[in-house]
Structures are given as C-alpha cells and as structure tokens.
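Chain naming follows the written order as A, B, C and D, and within any one chain the residues start at number 1.
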Amino acid sequence: MSYIALSEKDKREMLARIGIASTEELFDCLPPAVRLDRPLDLPAALSEPELVRLMETISERNTYGDFNSFLGAGAYAHFIPAVVDSLSGRTEFVTPYTPYQPEVAQGTLQSIFEYQTLICQLTGMDVANASLYDGAMAAAEAVLMAHRVTGRKKVLVARSLHPQYRETIRTYTRNIGLTLEEIGFGECGGLITAELESKLGPDVAGVIVQSPNFFGVVEDLAKFSALAHGPKALFIAVVAEAVSLGLLEAPGKLGADIVCGEGQSFGLPPAFGGPYLGFMGCTKEYLRQLPGRIAGMTKDVDGQRGFVLTLSTREQHIRREKATSNICTNQAWCALRATMFLETLGHDGLREMASQNLHKARYAAKKLSALPGVKLRFSGAFFNEFVLDLPKPAAAVNAALQAKGILGGLALQPFYKDMDRSLLVCVTEVKTKACIDALTAALEEVLR
Amino acid sequence: MYPQNYYFTKDHEWVAVDGDKATVGISDFAQKQLGDVVYVELPEIGKHLDVHQTVGTIESVKAVSEVFSPVSGEVIETNAALNNAPETINQDPHGKAWIIKLKMKNPGDLKALMKAADYEKFLEGLAH
Amino acid sequence: MKLTRFNAQHRKLGAKMIEFCGWDMPVEYKGLIEEHLACRHAAGLFDVSHMGEIHVTGKDALAFVQHISPNDAARLSPGQVQYTGLLTSKGTYVDDMLVYCVHPEFYLLVVNAANTDKDFAYVVSQKGAYAVHLDNASDRYSQLALQGRQAIPILQPLTDVKLAPMHSFTFAFGKVAGKECIVSRTGYTGEDGFEIYTLDQDPGILWDAIMEKGTPLGLQPVGLGARDTLRLESKLPLYGNDIDDTTTPLECDFAWIVKFKKGDFLGRDVLVRQKEQGLTRKLVGFELRDKGIARPHYPVFVDGKPAGQVASGTYSPLFKKSIGLVYLPIAKTVLGTEFEIGIRDKKVKAAVVPTPFYKRNY
Amino acid sequence: MIREPLIFEISDKGKRAFGLPKLDVPEAKDAFKDLAVRAEIVDFPQVSEVELVRHFTRLSQQNYCVDVGFYPLGSCTMKYNPKVNEKVASLAGFTAAHPLAPPDTVQGCLEVIKRMQDYLCEITGLDAFTMQPSAGAQGELTGMMLVRAYLEKQGNPRKYVLMPDSAHGTNPSSAHLAGYTVQEIKSNDRGMVDLEELEKRMNGDIAALMLTNPNTLGVFESDICRIAEIVHAKGGLLYMDGANMNALTGMVRPGDMGVDVLHINLHKTFSTPHGGGGPGSGPVGVKKILEPFLPVPLIEEKGGRFSLNFARPDSIGRVRGFYGNFLVMVKALAYILSLGPQGVREIAEVAVLNSNYIRKCLEGVYHLQYDDATMHEIVFDDKFQKDAHGITNLDIAKRLIDYGVHPPTMSFPSIVHGALMIEPTETESKRDLDYFIETMKTIAREAEETPEVLKAAPHHSYVRRLDETAAARNPIVKWERSKTS
C-alpha cells in the first residue's frame, strides 16, 4: 500500500515544470560511490487486509492477556473510560505538530493549560510543565534541575526509588560530574532517617524519594523534606503510581520543592512500556529552571483569551547548549489523554478509584500473608502494592503460578540481590475479589 | 693535526719512516669515515708487500675497508693489540693504533706520497 | 634529495648524513656503538620520517585491508596496531608493514621508505571493486621513534596521552610538545618505546623538546646505522635483506602473521600449499664461531657446498660478536648446526643460534 | 463563535462522568492509619460526560492538523498518518502487555521491536539499533553518550563536539548534556560544511562531528565521504542527525557514507503522528564499534524465540523506563510493512520531487539565499518582501493561516534571516501543492498592494495574534479560581 497522492500525469507535469526528465536527476547531488544500487532488503509491500492480519497474528503471540496478572512496579493497569479513547483519537488531536502557531493550535494549548492545572492541583506545586517522556526521565530531569538551582554536585537517592529510575538518573548524570549516593530502606520499607541525616550536608543538591515507593510503601515526605531543607538541599518527590495522588496528601503540601513522576496510570495502557507520561511541577521560584514546554495564558490583539507556549527562552532552539534541557517534543498526546482521564473521573471518581486500589490491595495483603510461611516484608503503610516474603525463591514460585494462569507479581531478586524470596504484588481496581482469591488459592497450592 | 713528519696516501694511510723501517696506519680522516672500528685483520709477519698491495682489512659495524701498503717491503711487526682493542684506531689513529711495521725495499716509494700539509689540502679538496 | 622536517636538527648535531632511498638521512651522530648502547640502556631518538604512510578509507576499508594483508585486521579495534606483510599473489613479500586501525573505515598502513612508491602502486592495483579511497600520505607525515627503557619518563611530561596504561601495539591521538600527534607504542629496536607520527608541517619542536627532556636521562639521537644493528639483535626483518619478493612469511619464520582462518587474501593458496608441503628453507639466526664479521651477500657453505648467501649480518655492539640471519635448508636449521661463511679468502665457522639475539628484560 | 471555557469554569460539585463498580472486598479497617491523606483535591473538575465530550470536541476544532490540510513545517516532516497504523497499534494484545511480564508471554511485543531494529539497520546501513530513546532529542543524547563511552573505553573521552552553525538547537544541548563543549564551524558560502575549515578544526580533542544531512537548508552535503574521512582520521566519530532521512530512504544509506551513529525520528520519516507534540520515538543506530555501548536491554532472537538482553557490561545504561515508546514502534512497523522496499524508496523520490516543484514555482517570488540543489525541503526567506514593503516571514506565515495553510518553519536555520523553511513531504497531492503555491504568490502580491492586511494577519482564526511577550513577562501557567478567567 502506498500513500503517494500523485498520478503519473501529475509527475510528468511537475518534472516538466522543474525542467528535468526524471526524478533521478533530483538525486544527482548524492555521491555515486555510495548510491544504493539495489532495492532495500525489506518484506514486500502489504495491502491493508494483509497488514492487519499480520499485525493481529503478531499481537496474538502476546499471551499476557490470558493471565490473571498482579504486575505493577511502574506500569499499572487501570480502567480507561471510553470517552478517553474516543476523544483522544480525534484526528485534530492526533495529527498536528507542537503548537508553534498558537492561532491554529488553541485546542492543544488549552488542553495543556488544563493539564498543567490538574498536575498542580494533584501535586500541590505552583507550576507544572507540559509533560516529559516518562517517569524515569522526569526523575532524571528533576535531579539535573536541583543541580542547576543549587549549583551543588551531590544527590541523595532513595534505594527504594524505582530501580529503572535510578539507572536513568545515573545515565543522565554520569557525564556532567554529579555524584549519587543511595539511602537505604528500613524494616518499615521506608527511607532510613538516620542514614539520610548522616549523608546530608552543604554539598547536597537534592534528595530524591519516591512515594509510594518501589515497594508500595508510603514515605514520610514531611519529615524527609524538612531534613533536606536544613542544608538547603531541594527535596524531590517522585510518584510512580499517580492514582495515589487522588487519596494521599499532595507532596507539595508536605514540603517537596519538585514533584515528578509517571502519569501512565492516568488513561494510558501498560502498552509494553510506552508511550507513557512524565509529569513535573515545582514551586514558583524555580519556574525558569523547569525543563520542557510550558503553556501560558495571554490575550490576542482583540483582547480575547488565548494560550501560547511560553518561557521558550529556556529552550534549546534559543539557548542552544545553555538550555534547561535538551528535550524538545514532549508527550503532548499522552498528557491530553491524562487530562481527559482526570476530567472524566473528576474529583469524586479519582478519589473513588484511589481508595478502591487501597482497599483491594489491603485485602489481598491480608489474605496472602495469612498463608503458612508467607509474610509481609515491610511494616509500613502501603497504597496498592506490597512485598511478600515467601518460603521459597520468588522466581520459582512465579513459574509455578504462571503454570496456573497467574502472574503473581514481580520477583525482586534481579533488582535487590538479597531479596530472592520477595515478591512485589500490585492490586488495582481492575482486580476483582475473585481474581485476588484465585491468587491466594494458587499460591497456597504452590507453597504446599 | 696531521703529524708533519708523516707521509700520507690518497687512500688515507700514513707512513712514518725511521731509517729503512716504515710504520703504517690509517689517518684520522679515515677512522672518522669508518666510524666505530670493531675488527682488524692483520697480515702474517714476513709477508712481502708491494706498493698498494692489501695490508689487511679494518671493519666498522657498517663498513669494511682494506688497508693498502703505501710502500713496498717485508712485514716485520704487526700491532697485535688491535685484535683486542680495535677501537684504538678511533682513539689514537696516528699513534697507538699503528697497524704494521715494514722493512722498506725501496725508499723511493715515498716520493709518490704527500706530506701533512699537502694531505690536508687534499682533504679540503674532498670536502667540496 | 628529500629532506625530513628534522634535517636542520641533524645538521646542527653534526650528524653524518647519507642519501638513503632519496632522503638525506643521518647515519650516525656521536658514533654507532654509543648510540646503539644508549638506546639499549637508556633511550634513543630516531628520525624515521622517511617511512611511507598510506591511508585506506571508505566503507570497504576493512575488507580491502583483509584482502592485501595475511594477518587478520578484523581483530583490530580502533587504537590497535598490527604487524603484517604486503604480499604478492605468490605469497612472497612486496613489503612488510604496520596496519593502524584508526577507525573501521580508516586504516593507516606504514611501509618501508625504500618501497613506498612501489607499495602504493601495488595497493592501488589491488583496489578493484572495493569502495575505498587510497591516499599516499607519506610526504605529509613526519615520524620520530623514541625507543628505550627511559621512553616513558622522557615522553610523559611532554604529552597529554597517558603512556603507562598503553599496551604495546596500541596508539592514541594526543598532543606532544603542543603538536597534534599519533603516539604509538611500537618500534623497530626490540626496546619498549613509541613511534610518534605528526602531520604538522613544522614539527621541529618535537625533536628539540624530546632531546631536552631526554638528554639528562641518557637519551641520544640515533642514526640509521644503529637502527639496523638494534633491529637485527632483535631479529626484526629488513626488506631487501631478510625478506623480499622471493621469500614468504612462512620461510622467514613469521607464520604467526598468516591467519589462514580469516578467509581469502593475496597469496593465500600458495601459502596453504607451502604449509602443507612443508618448508624447504627457513630464516635462522647465526653467530660466527671464529673471528670476523659476516655481512649480507657473503657466501654460505653447508657441508662445504655453496648454500646461498648471508641475509643480514653485522657486528653486535651489545654482544661484541658477529651475528646475522641466513636462509638454510630446513634440515640444517636445528640449533647448534654448524656451517661456514666465506669472508673474503677464508671460510669462517658459524652456528645456528636461538633468536632473537636480544630480548628486553623489563 | 462559542468561546470554549476552561473545564474548571464549567465544573460543579457532584457532577460525574464516570463511576466504578461497588467495592467487592471488605473495607480495610484503619485503612488510613499512618497515612497523610488529603481531605479533597481543591478545585478539581467535576463535569457531566456530555459537557466533557463537547469540551474536547470543540477544543479539537480549534486545531489545525495534517488531516485538514497542507502542513509544510520544515524539518518536521508532517506527512499523512495512515489510519490503519492507529488501528493496529490499538490491538489489545499490544496495549495490555505489561513491560515486566515474563518474556514468553510478550513474544509479540519483542518481535515488533526486533523487526524494527532489523528493518532500520537495513534502511540506514548501520549494524545495530536501540529503540529505547523516546524522541529525537533523547536519541541525540543517547548517541553522544555512546560516542563518549566508546572513546572513554579507548582511554580518552575527549573534550569537544563540532557542529555546523546551521544545526538544530537540540544538537548543542544534547552534546552538552553528554559532557561535551560545543564548537561551531561556519558553513561556507553555499551553506555547507567547509572542508578546509573542518580539516583545520578537527583534532584529537574532538570526539565527534554532529551533522544533519541533508542539512537544515535541504542541501545534501555531497562531500560527506570526505567529511567522514577527515573526522575518522583523527579517531573521531561522525554523528548524523537523521531528522531529514525523508530525503534519502532507499536512495543512499548513512551507514554507507561513513556515518557511525545516527538517530532517526519515527514521527517524521516513518509517519507516526505527532500528537500535538509527542509521543515521538528516536531510535539510535550505530556501527559495530559502538554496539557494545547501546542502552540496556537489547532485543535478541534465537530460533524464533525473542529475549531481552540486560547483560551488557559496557552499556551506557538506560535512558528511560522499559524499552521505549512501544506503540509508536508498532505504527512505524505497520508503515514499513505497508510500503515495502519500493514504497520506502518512493518516500524520498516523491518528497524531493514535491519540494523541488514548489521551489521552481516560487523562485523569484521569494528570495533564496543559497541556490544549490535542494532535496526534501527548501528554505526561502522574506528578503524581497522585507526590503520593499517591511513584510516579515512572520507576517507571511500568519497570513497563510487565513488561507487555510499551516505556516512553514521560521525559527531556524539561524544562518538564514527571515527563513521560510518549507517541507511538503511525499504525501501531498498536486492540487494541494498548487493551492499552496498560488497562495504564496497571492501573499507576495498582497505584500505589495495591502501590506497592512498581512501585518494584522491572521484574520479568520479562532484567536488572532497573541501577546507572547505578556505571557512570558507575567507567566500564568495554570487556572486559579481567584486570578484567572
């Protein structure tokens, strides 16, 4: 199938107008020595029916959908209202570019403005950007921002921060001379206060903590932000499970200077890891250090309210290497879906979804930890994920559960060497009581 | 530089005459040309040499050169010290590093040789 | 006559200059033996700008190098150097050379001064359909070799390249005395040391700075004379003496540069056959048992019968004796085997000895 | 025209557009123990479904998009986005897959990524690809980090990165984030890399040359092989910004021109929709020498089974979570499979034809700073109109809006003042091309006859020229009950 819109007649006329005999002449500027003298070695062109059939076949090689899965760990299955797919699928939202021409992009710009407002309301921040690539990258950008703001070079990173976020931070910071120090977690699963206190100092640019953390445990952000502010370090709160913000206090209210995280839970399917949505907000004094696009409200020549991309002097097309970040495109369409998702759920819907996550996870934890030899690894209060310690290696247990049509959660050993018997279980509102009871029964059998 | 009482050949040997006894060696110029001398081959005593006949060979690391007799006569002595210390030729070519002594047959041979002054002129000639 | 960009330095030092393959080169400065021993015991500085440099670039660069070289260039990652030969289709030497992998699409071939033009013409004749660009860059390069155990202490203060961590047969780009250079941990003396290439048109400072740093450490400038005795003590072959278009890498005991497994290359089938049928002769080291010095082309006698000529032969300043290399019938290559060499009117006893004659112990 | 309010302005307590099934497990007692729980989310919207639907439908109607008309935004490659690609990307098998699922339960996803890695290698002539980077800028950063890792492994990461003054702004900022100091090289009088200058500037301290080819003027750097040679000669690497791959597909391959590392934009060359500014995807391709440093994980195939390889000791690590913008890859894969070898070649063939047709038709009407042969895009400028009538590229751009055409790119290349960077792409019909050409001529006429009309443009858009200065001076970046409205 080709998407060329020119007829042979069109081509002839155009070539004639240009004054050449064939399109080949247009490529005379290419060095003959390296011209490709053969057709590309790609599969032959497919018609639409053939294409759909092939892609369906490939998608059916994913058997994941047949399993009763309790995987979370940074990618969450939440219900997505039909209006989100229907509205976000409108071509006027799907096929424009970044709104460089505000007069013909008010739809995108106003929805970004609404998105920024929603993020501020949820995180308790004064300002938010129009989105970043994903949670891991947002965390990395937040660390870079703390370095820009304070001019300091050391960053304290919670070991209970998502392992992939930590890897990404390492990648982003290793070439510009930042040093990272990890802060361990205690019996409760939360940050070890004493360790934080001992490592804090006037050389620390920022402290980055996830809550609920990688183990699902809700951190005491108020306490840690107060400690961080002692030596004037920035406190960065990361939220990987954004639905928790519907119920838990806004990190901004608890002293965070920067709140960032993963917005996938807001209307984006797990989709094997992307596209997702990095969100990021900060207090107003750091607005000009905030990376990424920002939409602002203004008026047109007739005094009509309108929206534009603003503060672009922070961006690379003007600042070049001095820009706040190298990021150019954001995840506008994902942010749009998040906006639609949040505005569809609304205040009550989001709170309801959040609390159902909490109650179902608590129910599952209670049932599972009642099994012989099984116990909750951490004592801290959790949101919709929790760590089970099993009497057998988690990987083996997972394999056995998979044979029973259940994906019991994430075995933690690959991420935390010493946790070979630990399983990270996630329960969202899409899990019915029946699903949870099935897991409990299956685990009991597997462990018997 | 070159001993006034010595005779020199165009091949850069020298002769010092004492009665009918002639001592032969190679000139300072020659040893410079050769570079580090590492081996000297001497004739047997009693051997009779004509003018311009090969006395022996001197070898540096890179070069081999023959020494020709400036005069005719019979070898009466060779400088055995050179066998173990060939570098003497670089160090003291006009003195310790003499190569052979001859009993001259025909003192007239000397007429064909250069005196020090002429030899130095001859060398200048080579330089250009 | 071509002058290297260090000619003024040689003149100033009163070097003995000779014409060598069209170049005005220093054969010795203070004296061959002193230079030789300085390099063995401290360090020597050589002007080897007369060497040839050929650029092989383009997307088929590796494939082309693999075609002309019996060694396996695919094993080179950027920054590595490989010793190999440039062979005829008969598997004999056109030259020996170093292959520098600057980039998989940029190789630098370093060949002998005596053969540069011949080699380049030959390489060009092999281009065929390979998408490569060949450039004889010899005249643009200057090259110094700093050799000897004092090389690092002398060079390190002058360069931003970290020398100690460099493995032998690797190279790096960097500044030496402020000039852009390729610093290569290679050499032709059997000592540790570096060869320094630069495209700078006025590289004199390189020589001066290295001499200044090195003199207190015993560095001496070394001429072509000692270069040959140094290489021979280490059994590094010299084209024209030990290898030429009648000899193969197998015969001169360089089988290790022939990688049959890598696939086809010039001369491969001949070499395969030679390997299967076995060698009839081989290059071995000898020393004289009697007085005298064996030199190239002196006749060789085995069991009294003529058996070719001496390949390389000289007086070894280090061992103070006459050593050399010679091709002998395979049966006669056993260590200790005695044979004779004709020196002028006499035949002098020689014996096959282990090589290299000199092996550095640091 | 209805002025669409902000959702917050139509929000009212108790309204709902969504509800969940009743909780089917017993409520946990002391559920909120030890938790900082919020009483409410202040001013969070509450609307009915129909209000919500009309809100976004009306907002959508305020957007211009590719499906509405010509979108010649230079260097952005705003080509048609096939609908079937959206359809296959929404297959449940793909959307439901969890990124941490056991590999044997997500073979389909891994196959998609592996196929993309392989096809992109073939199209670009490179040896290995990572699909991880989320967009072009992250691809650039990844690429430069690979360069750094490669040089570090050799003992010296080097200090500088060279790039032409015509480069896009993300190039310098990406190089900077990779720890390099940027050195610009002046383009020659033809807007191309000056070989002598490059030879002078290239040395052992320079890690790489970052090059866009065709460059941002749409001109192909015909000395590319020589450029590569000069860079390689000093042990440096050649980075190619593949933003303009649309001019080359099937005609010539960066890997064959000496390029060591490049990023391409699936949202440009491979027709995945821009979504109003993302999600994109910026895969990075490399020659063998850089392969060991690619981000983890790489997708590998053995005997029809696909697996994730994390065991890569020299890897730079990961540049984001999981494996990249997967659904974007699905769309690009569908596009490549639809086109096949011929179709992929046709992309470049027709993109260059369309651009040269526009160039020919508008030569003389608009000023061309450089007259070299151009490929997929053409950079005119406002010199004629400005000198004679004080009309700038912005006025021209805004007037295009009145005629239902999206303005071209104006923000760069910085070496052209008053630039109008036009990239038609291969999917435009001749009718639309001709309409654009006629419109540009009309506007040129208007510049002479009624310049004031252009100065005040646009006239027929939902909003007119907006005060961006005020927006930046006193930023209002969110709605607040008290202040805004």
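Following the convention adopted for this analysis, a contact is a pair of C-beta atoms (placed from the backbone, for glycine too) under 8 Å apart; a residue touches a chain by one contact, two chains touch by 3 or more.
All values reported here derive from a predicted model rather than from experimental measurement.
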item: Pair with more cross-chain C-beta pairs in contact, given B-C and A-D; value: A-D
item: Identifier of the chain whose CA centre is least distant from the whole-structure CA centre; value: D
item: Distance from chain C to chain B - Cα centre to Cα centre, in angstrom; value: 38
item: Distance from chain B to chain A - Cα centre to Cα centre, in angstrom; value: 96
item: Averaged-CA centre spacing for the pair chain D and chain A, given as whole angstrom; value: 20
item: Whole-Å separation of chain centres (CA-atom averages), chain B against chain D; value: 89
item: Residue numbers of chain D (touch at least two other chains); value: 225, 256-257
item: Junction residues of chain A, two or more chains touched; value: 33-34
item: Chain pairs in mutual contact under the definition given at the outset; value: A-C, A-D, B-C, C-D
item: Touch list for chain B against partner chain C, complex; value: 35-36, 38-39, 41, 57, 59-62, 64, 90
item: Chain A residues touching chain C - in the complex, by the definition given at the top; value: 33-34
item: Partner chain B, residues of chain C touching it in the complex; value: 16, 27-28, 31-34, 36, 225, 228-229, 291-293, 295, 314-315, 317, 320, 344
item: Partner chain A, residues of chain C touching it in the complex; value: 58-59, 131
item: Of all residues in chain D, those that touch chain C in their complex; value: 154-156, 203-204, 225, 228-229, 232-235, 237, 255-258, 260, 287-289
